[in-house]
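Two complexes follow with subunit A in common, the first pairing it with subunit B and the second with subunit C.
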Partner chain A sequence: MVDVLQQVVNGVAIASVIALVAIGITVIFGLTGIVNFAHGEFLVVGGFLTWWLALQGVPYAAAVVVCALAVGALGVGLERGLWRFTLKAPINGFIISLGLSIVLQHAVIKIWNPSATPVSIQSPVSGEIRLGDLVISNVRIMVIVLTAAVLGATFWAVERTRHGRALRAIAEDRDTAALMGIPVRRYITAVFGIGSLLAGLGGALLLALFPISPFSGQSFVIKGFAVALIGGLGNITGAVIAALMLGLAEAFSAGYLAPQWTGAYAFILMIAILLFRPQGILRGTEGSRVT
Partner chain B sequence: MKGRRAGRPVLLMAAAASVILTIGCGAQDEPAQQASSGNGKCAPLKIGSLWEETGQFAVYGIAFRNGARMAIDKINAEGGFDVAGKKYCFEPIELDTRSDVATAVAATRQVIRDEGVKFVLGPAVDTETIKTQEITNASTVIMFAASTILDSALEGQARAGGKAHYLFKTSSAADTREGSITAQTKAFLPDTDKVALVATDDSAGQVIGDSQVKWFEEQGWSLTERINYPPGTTDWSSYLTRLKRGSPDQVWVNYIPNEQISILKQALSLKLAGEYSLFSVDPASYLDAFPEGIEGATVVMSCNPKCPYPPGLDIKPPTRQVVADFWKEWSERGYEFTPGTSTATLIYDYVFMLRDAISAAGTVEDTDAIVAELEGMRYEGVLDEELHFDENHVAVHGWDVCLAKGKDVECVPGKAPTS
Partner chain C sequence: MSPEDRAAGAVAAHREASPGAPEDVSASSQTRTVERRDRALTIACVVAFLALLALLPLWTPTNRILTLAVTACISGIAVYGLDLLYGQIGILSLAHAALQGIGAYTAAIALRDLDVSFWLALPLSAAVAAVVAALLGYPAARVRGHHFVILTFAFGEFIRIALNNGGEFTGGAEGVLVLAGIPPVLGWNPSGVAGLSSGADYYYLAFGLLVVAIIASRLVIGSPFGRTCRAIRENEELARASGIDATRYKVLLFMVSGLFAGVAGVLYAYFLGHISPNEFGVLASVQLVLMLLIGGSRVLFGPLLGVALVIFLPEIIRADPVSVQIVYGAGLIAVILLVPAGLAPGLLALWRRSRGWRTES
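After this line comes the complex of A and B, so read on.
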């Protein structure tokens, strides 16, 4: 039983980071129809910026805030400079994201990591909680609690605020939302910023748990898309549920099945779900259209 | 207004393109040849130096490259070497394989076809080496590489006419190595009963793991579980939780140094075991990762193969001056001490052996004659007092093994097996 609980803790910790990436992907798609493959690189930029700030002696908590804001600003800048011009043809936005992914990857290598090797920091939180044989490191608790708080705030903002209603209206029908006086372009910019901020936060939290390399983004963006698809593209609640499923599937397959295949099990699960529920666990949007 | 709107994306695309070009060009701004290539009084003799300078295995590749540079610089600074009355200096052609098989193959073809080299150093890791050695052997180019899985490629193929006649493996046979490391670990930690093994699920991880499991049995240890994790893993906690079920006394971790440090940290946070054995991790890296040592756990490290001794490291010094001099120069050159640094010694001596073999053969072209000289050579170097190749062109040398208890580290310098 302890063993099972330990695997739950392991799975939830990694699910937290995946969820932060997936929510950015899913809300951006929900609003714009753009499949943003560069989103994983936002996580990497966040991780490396945190690592660099830590090397400069900046406390971890301050580094997390700075890097989340910086990556959020990067997202806003890229939306205004690139994706804004592709809203009428989201496929172009997808192509741009592919190229941008490579550019950002190499920018990280060029700026911070010429040898492209993984980097890590000393754990920002030491110690652990022991419940009998169950050992939960405080850093994992920190990551889970922080993620839960951020996701809770995001969910509340989308479901319970005026801005959230506006976002949902844009996702439902962008033209009608615009006719109702909602500043659609501004909301799209804001969503790119917030989605990127969450990915930057994910990178900072990931670095607290594991080493991060300039290529880590690829693996997380694939998982992020898997989660967004399983949850229903555009659906935040679905993304959180799917992230938990994927994280737990990875943890339990590593713990109880053939370990070499750990990476595959989660995607087998994804295929199975999409075969039986093509719309995802919860219904997603199909992405807004601009006419 | 319309024209302005249409112009902005074009301008932005142009800006993005210039960023890409800047980054792309930036990757080329470091000179391909950083090592010396003679002083003008000797004829240049090109030598390929192909290493993983970027990518997953850069931690090894950069160390190898620097080891090769040190040897080449030293030979050239001494005025080169005589070959049938003519002075030669090595001119290294350095290329980055980017930890990628296709790039390594392309680089090997490039140095052979375009540069006309007869000698190649590297690459460091298995998947690249196993493909590039096919090219060098077919071109009768002598190649030095350390990859673990070359043992099987060389078995019975090093003889004249064999498929791997021009290939020399600079690291001792995996089986011999694991035998000596497990024996020394047993000497350090005699009370071990149950061991678990965690390694990368790739060719080197499999080969090293298979050999270790065999030697665990020789030591009378029982294996509780063996896990091969997918390459690229960054979270090992689920695998380590699984290993904990078997309550091992000692956990063996293979084989990529920086990954092992991360695995050790996660294992310690899970209180997995009291003893750990790390492959190819040296005391300097250990103390860098754990400046205060580890409380409540003992760590055995097998350097790969000679432990680096950065200045100021307070551990028992190496027994031979040549080893201390090597690391002193390494430090003076400003080379980093990273978890893969020790592998630099797996190429350094061989550049001198190649120099001596070329001189003795009296030719820079006839690689068969140079191979014959290398086969019979014994060399006193950093790796060993009597470094030599066996009948399969596999190097014979010892491995340093260290024990860390808290901040105290004790090392036993390795010596080549006598039989």
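After this line comes the complex of A and C, so read on.
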């Protein structure tokens, strides 16, 4: 029983990072129809930036804030400079993201990591909590609590504020929303910014848990898309639920079943969902069609 | 004429009625002249380029150049398969390197366990890759467009993981050795164990198969099957409403492009003499997509140009591999933003304008 609870905690910690990546993927898709394969690289850039700041002696908390903001700014810049021109043809946005993921991945290698090996930092929070036989390290608690807080704030913003309402209107029908006087382009820029900010935060948190390599982005972008698809593309709640499912599945598989197949679960879940319920477990937006 | 042919005709007619459609063919004689000139120009380009490639070994190039040339031919075969899929029915696959891997592993394992030779492995691997493509294509094509590319992405990773975990059968992360020459055919001996020990013969083999692949892809495009695929690309709703089973056509075309990937895989395995799972990951697939889109789809010359550029670029700019990757990525972004159709169509338009030909009908 204790063992099971242990795996649950591990699973939720992994799910936190996956959810932070998936939200950006799902919202960007819902709004623009762009399948953004570069989103995982935002996580890698965030992780390496945090690692580099930590090496310079910056305290972890400050590094997390700086890196989330910096990656958010990167997202805004890329939207303004690149994706803005592909809003009419989302397929081109997807192709640009392919090129961009190569560029970012290798820029990270070039700048920070010539040997392309995984890097890690000392755990920013030491100690652990003991509940009977159950041992939970404080780092995992920090990751889970921080993510929960950020996700809570995101939900509140989307569901309760007028900006959130505007976003939902754009996702529903971009042209009509524009006719109602919503500055659609500004919202799209903002969503790219917030999405990449969350991914950057995810990278910083991931670094606190595991070593991170320049190629980590690829596996997380697959998981992010799996989760976004399973939850229904464009649906934040669905993405969070699906992230929890995937995180738990991976943790239990690593703990009990076949650890070498862990990477394949996202794919198997995805196939199963798409075959039996193509719209995802919760309803997603149809989005603009990408071929 | 089958009902599906008629339906494809109806969709084509609809497309012709809507001005500004990508392949708007009006009946004016001027358009025909432009078309004929285009076709002649393209064919001349390809023939000249192929002739150049065929003569390559006569310049006694260094081994490195010849190795790159063989790699270009192998990638070219896979990219012409990808071009069929993207150009004709409009779906993009990020699993093509994985399908190539299936072909390579089929050849390697068939050689190891059953002593199947190169010439038999060629059709066998192509068939196995096509079957695997069908297994993936069916669930992927059932859902809407954007899901397809995401699923192929995940599928490519899945194959890589599966090959890594295949134990004795696939050799795990170590991979499989392919230490056999190619049996002589009609007195010609293109032996190619681990590189180009026998000079240019392996190059001619790969080059010959590339030419076959190009011709095969044109035959598919010219067939009624290709016509129906284009109808689906232009307007899937209308095609479905006209009685075309779009899902079936997507899966079939994906299988056809899987054949190309399978053949490329066999050549790859025999050329390198050793294969391992990580050579067929998503990065390799992205590389194939990059070649196709930089060169330009739907144009005979496009894939060839893209492959040549991507493969020979490191030779031209002489930078470290990491910088080369950055240049590739940035190049792809630049091409998509500046000439979304790709370089070959862009050059064609430029040439036409310089000759004062009308570019729009």
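Here is the rule we go by: the second predicted complex is superposed on the first by the 286 of 291 C-alpha atoms of A that agree within 3 Å, B and C clash if a C-alpha of one lies under 4 Å from a C-alpha of the other, contacts with A are read in each partner's own complex, and residues count from 1 in each chain.
Basically, contacts are C-beta pairs under 8 Å (C-beta built on N, C-alpha and C of every residue); 3 or more make two chains touch, one makes a residue touch a chain.
Given the structure is predicted, the values throughout are model-derived calculations rather than measurements.
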Taking the superposition on A as described, I'd like to know which of subunit B and subunit C A:107 touches: first, second, both or neither. both
Does subunit B (first) or subunit C (second) touch A:256, or do both, or does neither? first
Please work out whether A:3 is in contact with subunit B alone, subunit C alone, both, or neither, and reply first, second, both or neither. first
Could you say whether A:14 touches subunit B, subunit C, both of them, or neither, answering first, second, both or neither? first
If we overlay the two complexes on their shared chain A, which of subunit B and subunit C does A:35 touch? Say first, second, both or neither. second
Of the partners subunit B and subunit C, which touch A:120 in the superposed model: first, second, both, neither? first
So, does A:82 touch the first partner subunit B, the second partner subunit C, both, or neither? both
Touching A:266 in the superposition: subunit B (first), subunit C (second), both, neither? second
Counting only touches as set out at the top, which of subunit B and subunit C does A:210 meet: first, second, both, neither? first
Between subunit B and subunit C, which residues of subunit A are contacted by each of them? 82, 85, 99-100, 103, 106-107, 109-110, 114, 219, 260-261, 263
Touching subunit C in the complex, subunit A uses residues 29, 33, 35, 37, 82, 85-86, 89-92, 94-96, 98-103, 105-107, 109-110, 114, 218-219, 222, 225-226, 229, 233, 260-261, 263-264, 266-268, 270-271, 274-275, 278, 286-287, 289-291
Can you check the complex and tell me which residues of subunit B touch subunit A? 8-9, 12, 15-16, 19-20, 23-24, 26-27, 53-56, 58-59, 62, 99, 201, 227-230, 232-235, 237-239, 241-242, 244-245, 258-259, 262, 265, 269-271
If you look only at subunit A, which of its residues touch subunit B in the complex? 3, 6-7, 10-11, 13-14, 81-82, 85, 99-100, 103, 106-107, 109-110, 114-118, 120, 123, 128, 135, 137, 209-213, 215-216, 219, 250-252, 254-256, 259-263
In the complex formed with subunit A, which residues of subunit C make contact? 90-92, 139-140, 142-151, 153-155, 157-158, 161-162, 164-165, 233, 282-283, 286, 289-290, 293, 322-323, 325-326, 328-333, 336-337, 340
